[in-house]
Amino acid sequence: MKFSLPSILAVTLALATPLNAETLKIGVVAPQTGPGAAWGMALDAGARIAANQVNEKGGLKVGDKTYQVDVITYDDQYKAAETVTAVNRLMHQDGVRFIIGPLGAASLLAAKPITERSQTLMLSNTYTVKALENTQYVFRVLPTSREFVPPFVAWLKQNRPALKRVALLAPNDETGWDSQSVQDAAYKANGFDVVAKELFERKQTDFRAILTKLLASNPDNIELDTTPPSIAGPIIRQARELGYKGQFTKFGGVNVAEIVDAAGKENTEGFLGYLGADPNSKEWEWLEAQYAKIHKNRMGDFTFFFYDATKFLLEAIAKTGTVTDTTVVRDAIEKASPFDTLIGKSFWGGKETYGVNRQLYTPSFLVEIKDGKGTVIQKLEPKK
Amino acid sequence: MIRRWSFVFSVATLIGYLLIPLLINQIFYTHLAILIGIHAILAVSVYLMLKIGQLSLAQAGFMGIGAYASALLTRDAGVPFELAFFLAGAIPALIAGVVGPLLMRTKGVHFVLLTFAFGEVIVLIFVEWTSLFGGNNGISAIPPASILGLQLIAPSSFLILTAILLSIILLCCHVAFAGDLGVVVEGLERNEALQSSLGVNALAYRCLIFSGSAFIAGLSGSLYAHYLSFISPEAFGFWTTVNALILNVIGGAQFLMGPFLGALLLAPLPEIFREWVHYQRVLYGVALLLLMRGLPQGFLGLILSRLGGRGNR
Amino acid sequence: MTSAVSQLSVRDLLRSFGGIIAVNNISFDLAAGHITGLIGPNGAGKTTVFNLLAGSLVPDSGTVQFEGQPINGLSASTIARRGIARCFQSATVFRNVTVREHIVRAGYLKAIGRPVDLLRRRRLADHKKAARDRAEELLDFLDLRHAADRDAATLAYGHQKILGVGMALATQPRLLLADEPAAGLNPVETTEMTELLRRVRYDRGIDILLVEHDLRLVMKLCDRIIALNAGAVIADGPPDVVRNDEAFITAYLGADHAS
Amino acid sequence: MLVQTLVIAATSSAYMMLLALGFTLIFGLMRIVNFAHGEFVMLGAYAVYVLTVPCGLNYFVAIPLAGLFAGLCGVVAERLIFRPFLGDELGAMITSLALAIILQGAVMIVFTVDQLSVPRPISGVLHFGSIYLPNDQIFVAGSSFLVVIAFHFLVHHTRLGLALRAVAQDTEIARAYGMAPSVILPLAFGIGCVLAGLAGALTVPLYAVNPFMGEAALLKAFIVVVLGGLGSLPGAMIAAVILGTTDAVISVWFSATMATLVSFVLVVIILIVKPSGLWGRA
């Protein structure tokens, strides 16, 4: 009795798809509810937009067969145990060989041993250094601090020579720890003084105490790093209200509207940040229109990475002619480098840092906020 | 009569729990069954405390201590799994034994809140003491469980281990409560003052149960760690205990089989709601509310009242 | 009133709750061989004294000696094992358990007073056997044999209270603390209870200290009365003496009754 | 820096008081540990958003309306959901958990998971030497403090307050005096939720709103109430000051995460020494 309901659902689902066409199932594992859902929905939407695009053109030609691409999304609530459940379900119930996701270090590290054993290919996103460790079937399909921070800091050194003393602020979790050490190294390498380093709890809402401490070190730039955009806004405002007059940078994920809304227009003047895609480009406009058909919340730059990832995965499958042999598909993805994405010229790298070339390098965008509006002032090409 | 039937029913459920996934032979169901087992063991530890009329919100913290102990001992100290598994129970039991006389002086809601704070402290220590526990990075590459040199990598073999341990734990609790301990414990829940006036050291027994429940929670933590091979602090927070409590309430908090049955019943719920992922939380909450209203004694209470028994186990 | 060896000796007992002094430096001795009544108006501190003697509360200061040994500050269970039993208003603790089994359990629970005692199986078996024998004898003594096999929860209230006394007796005490034994009983049951307590004292030789609101019962049953008011002893002596004590009358009946 | 830290401590203490008051009131009167308290804070915040952004109402008008809205939801919840669990602490606790899950889920469906913000009605900073006092923080702390005082007045100097206190002492006595618990209890629950809703409404412009904001609010209320003594209003006030100060001082001199740990350790130690909390009845 216990197991019959899901099986019935599975059968119904199977019957719902057209009988004459073959289906290629792509799994998505990401939080769809709870904190982190905004990112998880970007994964889901990115994969679906790419799949819809292929399906609308009549399907994906693999060898002599044509496949309809079916995206199966499971919510893992950002919890490791749920991720393992979802991955198990995808691999063993749905027969999925390719997974987009998961998000978050705990999720990836818990899922990796089992996907690795069955050679399931994962196109993942997590900031942890361990993501690509001991693995043959994981790609990281977006740049992390390690990739984009050094060029941004170098740009800052050149273009804002007055800045000398930097204070670093990041959330107290895997992502924050890792990105803060990268920031620390990058700023020091470019001759900045790192005068303060602070971590905060994600649940915190009042940052005045931590800012008081930070401001006592007299910084002229506060680097907000991987602080979630929803928290970055309040931090900026509270720092201004405590009398801080210096620069803000956030080389680690920006949502301009969210930050300006929460911080106030006057407080964000001159803010510099990292974006994965240009919000004023026609690509953004197109993707946003597609996104609106799937989810009703605001789209972030995250969607680009997963749209692109799904796209080059499908291209590799079509090129190799196999929907089962993940090793062949993996090699094809690697060999396609460098390639074009919606964002621009991208390639695989990371051998020096991670031991394998499965880290995505893409152009990144330096955004400056002026009068409450974000403008991309520089497109920074990736460096190996 | 009821007593014998409930025993047969319990054994049948346990055998079914083990065999159905093995017969279906699909890793996903095996995996679900393993998670059910681990959650059920944690829920049994909550049940033990409910048995003496107290609710402890520190159980997930004890589970975490067991998980970290087992993971670090096997991975870094080279301790064999069998011993580490035992220590995963013994260490939290010892901690509970030490703090028990302090914590257990409070009762009722005060005890609930005190254990809530204590559980938070445990998790925060995992976060803060980075050199030992790895902080928010957690601990990865935990070796798989192995019994007598046999590595339990295949989910089915891990399920067998889980099912056997769950059965042993349930049997031990059953035997213990059927005997003299059960007499003392029932008295503690119903009228502690009178029990003390008859010469029973209530505090000592309460601490014993607290310690025992920490032992069991620790074992569930060890299973969790070796099954997932990765642990991090957030898995052992307050909501994990609350979920274990909910399993008790759904299954029937006054029955030893209640927590296990609750775990069996709740496991498919997310599967059923999966199609309406964005409505999932609301539906889950409503289902919980309806269960609370409709089945105040849990499912076992419903079954037993249908059978006309008063049901003491 | 004091004999050579006092069984229970209370010295300067003090206990307060959040600044309110409930028991204020009380001292008294109980000699062996008496039924003593502890009386006083509501809030006089009777129940607090009881709880202090039984170990449910810890005194702020003062000492309590039982048979020459200090017992203040000991836990309720230890005091019970020393030979002081307390009977409660309602004694039906266990679900679906007969009257007989209630008395049996009361008889052997102190043999598993601490968790380690569970391991001493032989000793426990002996205690259980003795408790069973004692229960049969007690069923007759309490006149509860007709209800021996009934679920204790189904007993009439009067019988439940008698069972409470029986469970206390099953622990083989030398001093019985009876907490309002007649509260809630009808006149017939009250007479039965009075008779039972008298037999406890005179047939079994167990001393009794009781707290009771029913003054008539206290005057009839007790051979000594200690009257409390506002946490202090205001009168102490045989019923006839206390009955006519001015302080007692004032406290109990109001100033205008004192003459 | 010390003075600045104390200023921070003072303003956050006032807010924590407001968060904790409703929680402790509901527990004191009904023995319900309301895990949905944070969700009522969230309801207040979303109510302000709806009233000011789409409806264009003035923020200061929206605050009391949002409080009333949360209160109304509380009354309905008490009548529909909590009533059968009167006296059943465990049952009520799980029911409140279910309610928390439902409210969070419902908000996610209606407003999506996105962070929403409300235009700030107050800006500017008061500035004395090296001490900075943002006007909106002063407003929140001041309003919180006023609400706390108003609430204190309500409890101690009105007929309703007398009824509330009577019910807290003994429902039977209350009934004897002609105060029906069936009226008083939903009212009390409603007032508790009004306080939660006001806390949410006051801080919307500061922190913005999202469906998950309830958990942090609940944790804050929880720890304050545990330290102060369940059901004790003066206890909650003192505990809020202690925790607000500890948190600010340790965040400034050590780190924010250490501050959280220390707060909890402090609570455990105090509870072990005095299990009923600083001000609680045993």
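Lettered A, B, C and D in written order, each chain numbered from 1.
The rule we apply is simple: contacts are C-beta pairs under 8 Å (C-beta built on N, C-alpha and C of every residue); 3 or more make two chains touch, one makes a residue touch a chain.
On a predicted model such as this, the values are computed, not experimentally measured, just so you know.
Among the other chains, A has the CA centre that is most remote from the centre of chain C. Here B is the chain whose Cα centre lies closest to the centre of all protein Cα atoms.
Per-chain Cα centroids separate chain A from chain D by 36 Å. We define each chain's centre as the mean of its Cα atoms; on that basis chain A and chain C are separated by 73 Å. Between the CA-based centres of chain C and chain D the separation comes to 47 Å, rounded to the whole angstrom.
Chain B has residues 127, 278, 280-281 in contact with two or more other chains. Among the residues of chain A, those in touch with two or more other chains are 33-34, 172. Within chain D, residues 105, 108, 257, 260 each touch two or more of the remaining chains.
Working note: touching chain pairs come out as A-B, A-D, B-C, B-D. Against chain B, in their complex, chain C makes its touches with residues 54-56, 75-78, 80-81, 85-86, 88, 90-91, 93-96, 105-106, 109-110, 112-115, 118, 124, 167-168, 171. Note for the complex: chain A touches chain D at residues 33-35, 37-38, 41, 172, 198-201, 203-206, 208-210, 212-213, 216, 229-230, 233-234, 238, 241-243, 258, 261-262, 264, 295-298. Of all the residues in chain D, the ones that touch chain B in their complex are 27, 31, 33, 81, 84-85, 89-91, 94-95, 97-102, 104-106, 108-109, 222-223, 226, 230, 257-258, 260-261, 264-265, 267-268, 271-272, 275-277, 280. Considering their complex, residues 2-3, 5-6, 9, 32-34, 73-75, 79-81, 84-85, 88-89, 91-93, 105-106, 109-110, 113, 128, 130, 134, 172-174, 176-177 of chain A touch chain B. Residues of chain D touching chain A in their complex: 1, 4-5, 8, 12, 105, 108, 112-115, 117, 120, 123, 125, 127, 132, 134, 137, 203, 206-208, 210, 212-213, 215-216, 219, 247-249, 251-253, 255-257, 259-260.
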